[in-house]
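Order as written gives the chain letters A, B, C and D; numbering starts at 1 within each chain.
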């Protein structure tokens, strides 16, 4: 950590910073420049950060150098991690050397719809089934999801098609029941910074699919992951699903460079959700290809048997034929890129 | 609502839209232009929105016209509302014709600190005391607040100084205990879109101070308020506390034009929090003056007996002298602007 | 175009809009809804836009429907265009069914540096040489480029390696001399909205590489292209080079979805510049792969014989070995994606 | 300046940085921490910046400490500056201790319209007349301004009403003729980063009204001013006119906190343009009041004799009655704020 003093800081101001850091068990290196003094801090950076040195007289700025996250950082864990979802012979890996396709309907609407979507997903090569029982909707007048009934339907559709299931939770009070029915819990972009929800999810021990907030930096995303990790759960998969920009023709702007940026900063797997990011069916396949090419560990897409009747985000759901086109890209592209991927999309045959 | 058909849409495509709207009980007006057909919809716009007409073949775009929020809209409730906080002779109004000063420490740290800050606030003219017992922190290694102990301390400081108290809740599971101790519950910017929290807060019947999300539009802010209103609680005060922009020298950018924009769209009172918005003590008084001048119904500021020792956001907390400077602006400016304000800041003398 | 009247608009307000539109030669369709009247306009939309109907009493909003750009729109020109750069046997195509690699140093620094960079680019498969003689720098104290001397050096490096050359212009007064020496003129992101520069460049008749502004929407980018097209020059190639977002670890955020979005809206070719977009060498190859996968018609990258000594943006310039890795992706990926690309990167052997 | 080495940097990497800085005439202070080495640099920071130390092996980051701008910085020029516009007895000051009202029509449309608008402005208390002869329009099909004819009309309207005139230039080739007719030249937000235009304007010796770019940080705005100052022209007035945000109901979001932020960083005067910032007439007066309250040195507003017929931005232009309401605020507010302002709005009576 580096403390930059203001041009007019007095020797007493410098001494005050030094004393405070040393009282917290740190060492200081004072460099007196032409117009400014700089104090380097060595020791427990988190303790120093708590001192709020910026509030002291004569301090112009405080720069933090090491990562503010630790457990999810690649600095101390250089090997990239693999997260396993599901149990027994249905276990599915997400991580380096694999490419995993996650698919399903945006929302569970009925037993028929969920099962039909699961079959489409499965036959196109998906290995994880995702669908929502609770939807975080902007409007109180929009379809809120089927709740616990939806969870039960989803679990049955997963069993019928041999896929572990992923579902989103939006309220910490629903986390225990969700963990009973689902193999992986998703924290959506609007909840990324909800510490109570992150803690509740962490404590179930289930793997977590953590979406990036629409305006979160990569560091803020990793800090959200750190909240989960700090409760002892490191089975976290990061999901990039678009950032808010000034472009109105897509719902958000998929940030594909965030994939290699997050993979360089953290050991956690990173997947991309092109359906929610763009909100337009015609862009899902090109984006999924680009996600593979940029190095993502998987993609998550919406599929619906009848998108034009969907209760939630129909315009972004793929038809079966489009999903098969995507599946072809999943089979061919990794090899063309020189990746030695185990096709996680086909775990058992 | 207006449905815009694509240039190549067929008469069958148009007929399909018409049929679907009519099946939902609506009327349609079809205008066939040189290169496009436009269909006007009259009837229950929310029902039409659920139809997801954008997913139908031949549809290029769907424009919604009336406000998506209803209960908080000024369209159907032209008079601006006043929200009362506290009970008995400690009741404090927020709304048109008043200007209300809310002040207190960012976080409750100890009984002494809370009481000392409350006295500073009170003697400078504040009528509501605000302090945090739970803090939504980016880092799991930062001070998280004192929890229920903090609530108890805050309630006593409010009683000692004769002010109703406001406190933030971040987890729906904490809402019942918070409602026992506090007169008004705050939903912070990071939680603005957390539907579970909005519903839990609404159901306590306590007035709500609803911060705008850092990247929320005014419409999204009002939709969050609508989630509260839809559960039967209309005692909502909107709080503008800065939006995320590209400017790095302030924590966020206070969006003062949002005050008249929100007041034109909604009947709810609107206050500004210049302390959290800017994050810099030197900007709080100029911003508070500007908030009064632009028409805000109140301001909320951080005050701390010893900002340099604060456990949370010390660099933004005012000293007593600065708070008194602010209080002078509160007394003088409204009259200079031709506002006939009852000085809510001095409710009883 | 659709005019939405305010809830309280009077019949006179409606009549005034109708009269004004009809006076301008248009037709109107009035739909009277439950709470609002909507007026559809058929005829010359640009003429209607000039009427500034939004300023009339009772008008709540005016929605434009057709594209505001015409000559660059794909609506009236469904075939995608190919732009040829250079003359004689050095002509290089940019457009559908090709993939074109553009490379060179960010700035011309000396004859030796430019020639060495050109050889690296050429031997790795580039077919267009790009380098800057004038740099639009944030600081007046930064290297501004060699000006006309730089142009002469660049032209000689292009001749020596058999590649047409592209160079950026930043001032309309420099356009004539730039057009004498360069085969294609680039308009940089900071100048995208400079109408005088767009017009000056258009009038040279040279093909134009038009970078997207850092915060421009795709529509604004196409409007800038329309300024060029409207002066009779349709040889325009769009270049996506990153948008400003809240992420600080990359210079900007490359917006890859803008490639298919722009290709759907316009017939012009679209290329991506991953070097300037990310500003980090380690991200250039993954991003270039993703650009190919998402459907770009080419990529433009910085290459420098000695990046660590570069006077401009050294941290983003590829070494020769990295450029060859990129060239391998250029050879393999299009086929894996099912594109039948003529490898424009090797125009003559 | 501070160079932060990567965790795995070798002693050779450190020595290379030290050697390069010393070769450039600087001194270094090396601090070896637990996991990182930090090198403080003392000497000519601009020379160090040119070294591009970030490109060297082992370097993780380079932090600049002093301001990158010098001539416009308040660090070396603590007194705030006053800029005088016009000559002889028509000279008008902009700067501390004054409040200056600038008004006029967005575009010169005809001699009658310009003169009528000038009279409205003058009688409401404006002391500078602003109108555009060239407009930087998004669409090539929009009204581009009257050019030199417009300049001549504007100059005559200024003479007739006794006000110096301000006009925008968008192309460096038009600067000489604009400087013949206008007392102050405006550089618009879309041109803020156009170095050629900044230099051309600087060299006329006329005072410059420099708008902030829609997505520029305050530092980038001051760097644009530095380009002007570096050519020897320090008569620069900064104009805040809105930043691009996600809010769609106003054209841009006026950033009022930028006023005290820029005044703290630079000695130049700062004014606000609420008309272009918000684009809505109903918000101009509240915003102008807030601009005064936050400490702006002036405001610039659009006024038009018949806003509903304006060829440019009619919906934001004030009528005469609204301008008089604004003028009342200009007279009363500064005193209520304790400012001892010379009413620059009435320079001669």
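Keep this in mind: a contact is a pair of C-beta atoms (placed from the backbone, for glycine too) under 8 Å apart; a residue touches a chain by one contact, two chains touch by 3 or more.
These figures come from a predicted structure and were not determined experimentally.
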When B-C and B-D are ranked by contacting C-beta pairs, first place goes to B-D
Most distant chain from subunit C, judged by the mean position of its C-alpha atoms | B
Please decide if copies subunit A and subunit D contact each other with the same set of residue positions, more than half shared, or with different positions, and reply same or different.
-> same
Per the centroid of Cα atoms for each chain, what is the distance between subunit C and subunit D, given in Å?
-> 28
CA centroids of subunit B and subunit C: separation to the nearest Å works out as 40
Averaging C-alpha coordinates per chain, one finds the centres of subunit B and subunit D separated by a number of Å equal to 32
Mark out which residues of subunit B touch at least two other chains, giving numbers and ranges.
-> 215, 244, 246
Listed in rising order, subunit B residues that touch subunit A in their complex are 46, 49-50, 52, 54-57, 68, 136-144, 170-174, 190-191, 193-197, 214-215, 220, 223, 226-227, 230, 244, 307-308, 310-311, 314-315
Residues of subunit B touching subunit C in the complex | 2, 4, 7, 29, 31, 33-36, 38, 40-43, 60-61, 63, 65-66, 75, 244, 246
In the complex, subunit B touches subunit D at residues 215-219, 243, 245-250, 253-261, 264-265, 277-278, 282-283, 286-287, 289-295, 329, 332-333, 335-337
